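Chain nomenclature is as follows: A, B and C, assigned in order of appearance, with residue numbering initiated at 1 for each chain independently.
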Amino acid sequence: MTGENVRVQLQQLFSPSVQHTLDVIGIFVFAISGALLAVRKNFDVFGMAVLAEVTALGGGLFRDVVIGAVPPAAFTDLGYFLTPLIATLVVFFLHPHVERIQAAVLVFDAAGLGLFCVTGTTKAYSYGLNLTASATLGLATAVGGGVLRDVLANEVPSLLRWDRDLYAVPAIVGATMVVLCIRYDALTPFTSGLAVVTAFVLRLLAMRFHWRAPRAWNRRSTVSEE
Amino acid sequence: MTGENVRVQLQQLFSPSVQHTLDVIGIFVFAISGALLAVRKNFDVFGMAVLAEVTALGGGLFRDVVIGAVPPAAFTDLGYFLTPLIATLVVFFLHPHVERIQAAVLVFDAAGLGLFCVTGTTKAYSYGLNLTASATLGLATAVGGGVLRDVLANEVPSLLRWDRDLYAVPAIVGATMVVLCIRYDALTPFTSGLAVVTAFVLRLLAMRFHWRAPRAWNRRSTVSEE
Amino acid sequence: MTGENVRVQLQQLFSPSVQHTLDVIGIFVFAISGALLAVRKNFDVFGMAVLAEVTALGGGLFRDVVIGAVPPAAFTDLGYFLTPLIATLVVFFLHPHVERIQAAVLVFDAAGLGLFCVTGTTKAYSYGLNLTASATLGLATAVGGGVLRDVLANEVPSLLRWDRDLYAVPAIVGATMVVLCIRYDALTPFTSGLAVVTAFVLRLLAMRFHWRAPRAWNRRSTVSEE
């Protein structure tokens, strides 16, 4: 199968309606995490909406600008834009309950991570990027919104902190599975779904067992532990 | 009137020289606010120039990259680029006086807000975005520079803080008026001007009466009040 | 010589392999500075890799998105992407030694600054920007990665701080030399190299003699000295 055929086929990997539904679910759960952080930072309802939009759509927006897919889907698809506003309303009225179900939110967030790393990689490849670049953009799609959320909230991105459970690695594994499948002509809805589930489960395990990444060898840092 | 006709006409809504003059005024007042924050943060003259440029041009730069209008006007129009440098010089030599007239600066900033939310919405629509996306980008044009300014200065964006007077709402109202006018074939220089003035006056009223947006219901935040 | 001829010729200014080698060296030294900051901030190895990539490729990525050169070279050239990962490994295993040779790192960083301001300006001009915009993007290419690095690490960008030795000025001088050479048909490998060396030496002198830029006249800042 030629590269071109793969690329045409990629766009039909999931039926459009299934793909759209999965995207909206991922956007919703990421938006919840943004709105909750806004509540913790004492932002008002507009700050909540901004942080929800940025968290949910920021990663995909970055990917689309980089691959030249402008205007980005975040601005052309009304559902993508409205979903974070609904998430904001949910958090605005129910946030003590949302916080109580924080564990559930983290599970959904893990699902969004798995989903976005796979769809991000696929979309980047379908725009002509090489395999390594596609996987990198898949990772950026999955984690970019959370980084923007933390930067706007004036916090060190939790992606970078050593004292947080592994977040990037599950997305890297998922994106790598996708590009390996593309490389060996094995990308099907089944293998794509397997990559989503693998990233999702790895993230759940990382949270359950507090897997963390090592810091630099012989570390003698000049700042105090936070 | 067809959508295409509207879009062609939009680009002639204001005469180019009037449009350009209004843009330069908006850029100047936003640049003043950036340079003043740089003084408060003890930045040197280059930091002042960087913050002035980013505040004045950041919102439009984001809009242009998103709609695919590259290279952005910020880089192709010499006047747009030089105006923040002039604002930097003004603040550099006169800043105790500029601070004394802080109230006047806030009035000009409100004028910039009103202007940019209208011209940003119009430009986004003329590049083929739908009405909701156009209004969103109009809002982003108006508030984006200020958010970048605060992020670079390592502060929580004042756009997001609950203890600041309403800033996004006037721009949302102005942008919404523009897309309603487009929708009902009523966009003229007069109605556009009305949208600018409405956003401007709403912002002035928000400052005068300290209008603020609500925070989340039943808020029991885990961080202390700042 | 017509502008078009200049632009065609620009792309052959350096032989591709020489240009590529210079770029990779610049990327490597910037990546080292990003990974070292990550160690100081107690980030884990993935945080180190992210900060190394962002520092090394962020400036060029911004330039490429602004001039419409998508997908950016950072994503299409595998060597550009892998170099920061190698720098991360070097810092991960050797960072006490790397810190001990901090002076050497600063010299390499100065070399990267000189190189990137010249190649950034040249690339922007070859994409049709005017001379002022090209020089500005050359400056942004040289300093943008460092600004992104500091924003992600939740610090005030050292570019903006008054208590750091001049960093922007050497890059401004180098970029200005390039556009003057273009303006007067004098851009050759020799004059380009001269611009690189001038920016490099100016930065070394700024560090040696602690040259700093002035802050605003009659400064009576409302924040305490940090």
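FYI, contacts are C-beta pairs under 8 Å (C-beta built on N, C-alpha and C of every residue); 3 or more make two chains touch, one makes a residue touch a chain.
Molecules present, by chain and UniProt name: A, B, C = Membrane protein YeiH.
None of the values given here were measured: they were computed from a predicted structure.
Undergrad: Looking only at residue numbers at the subunit A/subunit C interface, is the share used by both copies over half or under half? Answer same or different.
TA: At the contact between subunit A and subunit C, which are copies of one sequence, the residues are largely different (under half shared).
Undergrad: Please compute the angle of the rotation superposing subunit A on subunit B (C-alpha atoms), rounded to a multiple of 5 degrees.
TA: Superposing subunit A on subunit B takes a rotation of 120 degrees, nearest 5.
Undergrad: Rounded to the nearest whole Å, what is the centre-to-centre distance of subunit A and subunit C, using the mean of the C-alpha atoms as each centre?
TA: Chain centres of subunit A and subunit C, defined by C-alpha means, are spaced 29 Å apart.
Undergrad: Specify, in ascending order, the residues of subunit C that touch 2 or more different other chains.
TA: 65, 68, 151, 154
Undergrad: Using the touch rule from the top, collect the residues of subunit B that touch subunit C in their complex.
TA: Touch list, subunit B to subunit C: 38-48, 50-51, 61, 65, 68, 70-72, 75-76, 78, 81, 91-96, 151-154.
Undergrad: Quick one: in the complex, what on subunit A touches subunit C?
TA: Of all residues in subunit A, those touching subunit C are 65-68, 127-130, 132-133, 136-137, 147, 151, 154-157, 159-162, 168-169, 212-223, 225-226.
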